[in-house]
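Alright, structures below, take your time with them.
Look for chain A in each of the two complexes below; its partner is chain B in the first and chain C in the second.
Up next is the complex of A and B:
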């Protein structure tokens, strides 16, 4: 391959990203702002809260997904589960938080169901069920949103034809050696799959540490998480407070990098320990834990107790789906609710005003659609070109760089992207907005496309070439049609990410480009429950359509193949 | 009737402005958290297009501080006089103080607007002084705000008339009262109201804050809050994010009262079927904090003539009367209605609605803008960690 296309492609993507990063870093390196940050009495406790909620939710997500994958791989349920995932992914984070609050708050539906009859409450009790000072509500909300994401990314790995075949064969071999399916998966498949989920896991961690919208709705308030504080300071009219906010965002970034390194190291240590533990030991199918998720030396009473907990993968997945359904139902009722005092089970006044507003802002759908389609397409073309034209070792070397927007706090990126837009005189212009969206979308598209793209057997192209066909014939007739599912779903993910962008749209677009998300967020600043619920539906609509379109365009039966693995063994 | 020469000159100037404004697009950056406000601006846009050929584009924002930040960044990036992205911004208080201090506003224009003559600068002094900072014509008044409380009369038949009565109420109904967490605007206003009621020397609050003044004037305030907080929602250990959250909890029955800066908010919410018709609004008998909100033109607004024309239109008796109408928005006027010609005055007469403030209390002036930051810092140190 020639060096030129690699260089040009790298330059196109690296220039705006590098520039934005440099601009953001230079704003976050103000000495007096750091002094102010440390002098602020909230900083340390808010940081502690951030660490707790971010790390706890990430560990829970990782553990859950590991369990789900093991179960799904062994029992061939992954395909069935994955059919629901796009709808879960398309649910806006804020909508999930609002829906949970509608259920769990002291005046929420859960208590209305039993009040005043069973509970005896005429007025909401003083319970700390939402915005609890321990951040449990936030952890729950993060867990619900991130499990489908990580599961979906893991599924893109299992879609790889080469890996699927190999793992399936090894899994079968391990079983013939006397391992139970659970230990066979845990010792053969999982150690190979887990390292491939490193970047997505870091994205989950990054999101957990830097989330603002969910934390505002369901997270602790006194003190809030550091990301919320950074966001509030960055939004202050006073320049010194803004600098303090930028410093806090910088501190969050440092935290994230450190936590990321530690997470990767922890994964390596666990993998090494597992190798060490399994070395020389014979399969012990009669003594190993049947489900394979408790450590082997767990005391009997603990494992007895744990098995009685509703932690079976099927139960967990059903719980997640039920919660989503409950949240959607609550949002639907919430969107038409008027006066609705506790303890009434249903609103006493209904109103369609919120939906009238949604219809009134329908024109923003077109702006959103154009921007999302354009940025997803640009990123898709770039990603395909990159994967097609660049030598493998270059791809490896530059990979962390392209995934940076995924793991750095979005408040920081906005500062940087906005500086770039100003310096390039692109503020308030569609082109600038496209650029900003493309930078945020790129890592997701690349992440979604890469596994399937790299899995294509290079010998295929060699055969096509040996038959005297051009490279274009190979790409257009053989390779891309084979990859159409992965390409379509990568595009849909990019589309959904673009739809969700708020701060980049507001700043770089100078507020002149109204999208469904800017409409939703500006109206949410008035905090009308019915409006927020109705707009959540509007925000969901476009991504769901994009995922449906992707599913339609990429119809090959890849998932069914995963499901029918056992037949081949 | 012959007008004096200076008035004629002014008229001619204004005719020039009108001519220059025709065909311009005015990007009006305004908070868009209320569908009623958005609908009102749509009406204004249609009127302006029809009568003056000016295109009013509502740029919907969730926080005016974002706009200040954007304009500051534009200035740092070296944008010249007509190279901005904002023509007009809805603003007051700290945000105005910051823009004035950092030189982000265009030349004074407000007093030259023809409709400014009807502004009640005597009865509503906050139309000239924004949080104790003189406006110097850099912003044009748009509407009035006053701290107002509302509650369901069935649950709270006898509303508290000052902070001491509020404390007594909190003691009798523990956990049912709260206020938003400063630095939220409404939360800070609640604290300032308590400060004004307890400060030994209220006049000191109109001066820029000093550490000594803060210690002397705010000591009784902290004693009051120390006494109040244990009886608040969640024991005063946690506070809601904003007044909307307080309103929602009041509507759900978790709290007994809520607070707002728009005296007609409860009436609006009742009309929108989000609050029951039994909700009533009131202000403390001896007065509550009030202020004015304004529109201002940034230094780099590309359509300055158009922006002035929009500001003048927003001050017109027709636009002000429509804005004050509870069925439209319910934002009190800045004009002196009594001075208006009879035909214009008639526009302002509307029947009272359920939820409206029955007896209007005096307006207490805001402390100097510098107190905001000092109070918020000290509040956070004492209660926010």
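Up next is the complex of A and C:
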């Protein structure tokens, strides 16, 4: 009975995805293109840069999130931190990169703050502070964006009523056995939580290794990362160069798969080592390091010094929040700045010209809004239908498949999706663009909706049915209203992901459609600071509005306040 | 034996494991049958098979298969969907709908064939019977455990079921509260003159010592009640 809907829903989603992957694979396996790829002097260095930035940022993100979670769980600060996370998540990657450039570039605010007084500079120094050849700017930007993402995914697990209760009980129990809070967390909660973060971590790794929009803005230029190089080749007029780009996308995918396998193996090894190390160890006394991140035999002076480094979770979290606030501030001020000669802290001329220009380009904004709303809605309807109609076994079996857009490089997807659009005669059309966006948005919407949807007690529907109410009554009056918060926020997540899409918009849209993101990224290489800032600010503002709308629609019901007279019968 | 609830189970279990075999029971109207047994013996699955909610029990595990027949007052329920069976269900958790007030929870159960004024009158009456007059507008999460349990039972009864299944309805309450609630629940369900099946693992919950059936972990010998 459930076979037909399962089959149809799977087909609807798998057909474009499978077709795109097949098309991309067949293009990426062109022998002459691979020869050209290896003959190109940039390839190897670009690949090295990709490995460095992708792996370094992923390791940093994992380490940071592990420490934040330990601290947040032990001190019960997670809930407080998480109130800020939606705003951080809603900040698109490109806007973050542009905001960082406004601070860190030679003519940026960081240097203006100390010029000419402390630095002695009257003109911007010829430094490579943003597109630095070591990729440090890119690593910083990735770290800032991915830490909130991974923290948020972890929090959705920790906020599941069943898990939260069980883990808190086990955590308390471990302490009654004589373990410090830090070891209780590290040996009881973390080993259960970490495997659940494996997929999101792979998404972080995939993003770090294959990001294009951020790398175009803040990443190194000579050579750029391999993803950027592939993107540049794909945009070349020469068909041979395009084939070389497709081959590079294939190489990037292979790299990613290998790195993913190695990451999973590394996590297993670390977990096994932890188990081995804890075997037979006596409970530690309460006097040892409270956070448990320094080795046991650290000399006192070293741990004293380390404690004063800005590595405490609270300090790290505050740093992240401050940086986001600084980025938002820079984008806002930048968007209304006119003439702004170098050492001056503030613009000498304020102007609304950039915003007037943005408003004049209303079609760009409408395209962005329409695409985001449509793709989020399509994916939401599909996800709800999938979670409601298909058996749990099938959901689990096919889950990795739906998450593929998260973990395979977007350069590979655009190659495939463009072929699909060509073959279905949708290239350069709104419908083709919608399809491309929907494929990229789907995993996020599904991931955002799934925990809440599956946490619904199945006995609830049994009760509704036993009251003589039909399934539709259950869905419309009980189940979906109770899930409205999760549904609304899943839609907003999809909306935000669509707004931030750069490659599919440009490539599958055949350059005929401009969105605030394509405008912002394109302007980032130019000199129109105010217009670039305005588009970047708008790119950030639209998802924020979507999240605000979702929060309003998903707000819990306010019951009449009645005095706390409870009888105990 | 047309009147009452007749449950005939040839086999109930997953493909790999049989939970209940050759169980035949009859509950006349106005009587309460107590089904007892250790956890995992399949007593809740018997209720799920009767109510037609096996899918909600087996979610995520091996699907449960039911081979047998359920009849209520001569009507064969076996292939009917739950909402057409007229079989009420109360769990150990009250499962009140969190987005509705207490009164709205009750109103949701009253058949919509009646005019609204009459439906609301029934809700008010139910509130009174549950000793919750004036609490209709409350958020269900502000009620005590005992109050919630009473609302859950009233909600089930307002739907005018022709049979009622109680799945460990007292197991989340403390001993004193159970002792108070038991006679109240039994009096209310007997008043309706419908067959009732109560599942429990606590001897003290037994409603009628004349009508008790013990299930063992895996059943070999046939039962007839």
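Heads up, the rule we're going with is that the second predicted complex is superposed on the first by the 481 of 569 C-alpha atoms of A that agree within 3 Å, B and C clash if a C-alpha of one lies under 4 Å from a C-alpha of the other, contacts with A are read in each partner's own complex, and residues count from 1 in each chain.
The rule we apply is simple: a residue touches a chain if its C-beta (ideal position, glycine included) is under 8 Å from a C-beta of that chain, and two chains touch if they have at least 3 such contacts.
Keep in mind it's a predicted model, so treat the numbers as computed, not measured.
Partner contacting the larger number of chain A residues, of chain B and chain C: B.
Of the two partner chains placed by the overlay, only chain C lies in contact with A:482; chain B stays clear of it. Using the contact criterion defined above for the overlaid structures, shared-chain residue A:463 touches chain C, although it does not reach chain B. Within the superposed three-chain model, A:235 lies in touch with chain B and out of touch with chain C [touch as defined at top]. With both structures placed on the common chain, the touch criterion links A:423 to chain B but leaves chain C unconnected.
Once chain A of one complex is fitted onto chain A of the other, the partner contacts of A:392 are limited to chain C, with no touch recorded for chain B. Once chain A of one complex is fitted onto chain A of the other, the partner contacts of A:471 are limited to chain C, with no touch recorded for chain B.
After overlaying the two complexes on the shared chain, residue contacts for A:530 are found with chain B alone; chain C is out of touch. Of the two partner chains placed by the overlay, neither chain B nor chain C lies in contact with A:23.
Residues of chain A that lie in the contact sets of both chain B and chain C are absent, per the superposition on chain A. Those residues of chain A whose C-beta lies close enough to touch chain C in the complex are 392, 457-471, 477-478, 481-482, 556-557, 559-560, 562, 564, 566-569. Here chain A touches chain B in the complex through residues 40-42, 45, 105-107, 123-124, 126, 128, 131, 133, 216, 220-223, 232, 234-239, 242, 338-343, 348-351, 353, 357, 418-419, 422-423, 427-428, 506-507, 510-512, 514, 518-519, 521-531, going by the rule given at the top. For chain C in complex with chain A, the residues that touch the partner chain are 48, 51-53, 55-57, 59-60, 81-89, 91, 93, 95, 97-99, 101, 108-109, 111, 131, 137-139, 142-144, 146-147, 155-156, 159-161, 165, 177, 180. Touching chain A in their complex are the following residues of chain B: 27, 29, 31-35, 57, 59-70, 72-74, 77, 79, 85-86, 94-95, 97-99, 102, 175-176, 181, 183, 233-234, 237-242, 244-245, 247-249, 251-254, 272-276, 373, 380-381, 383-385.
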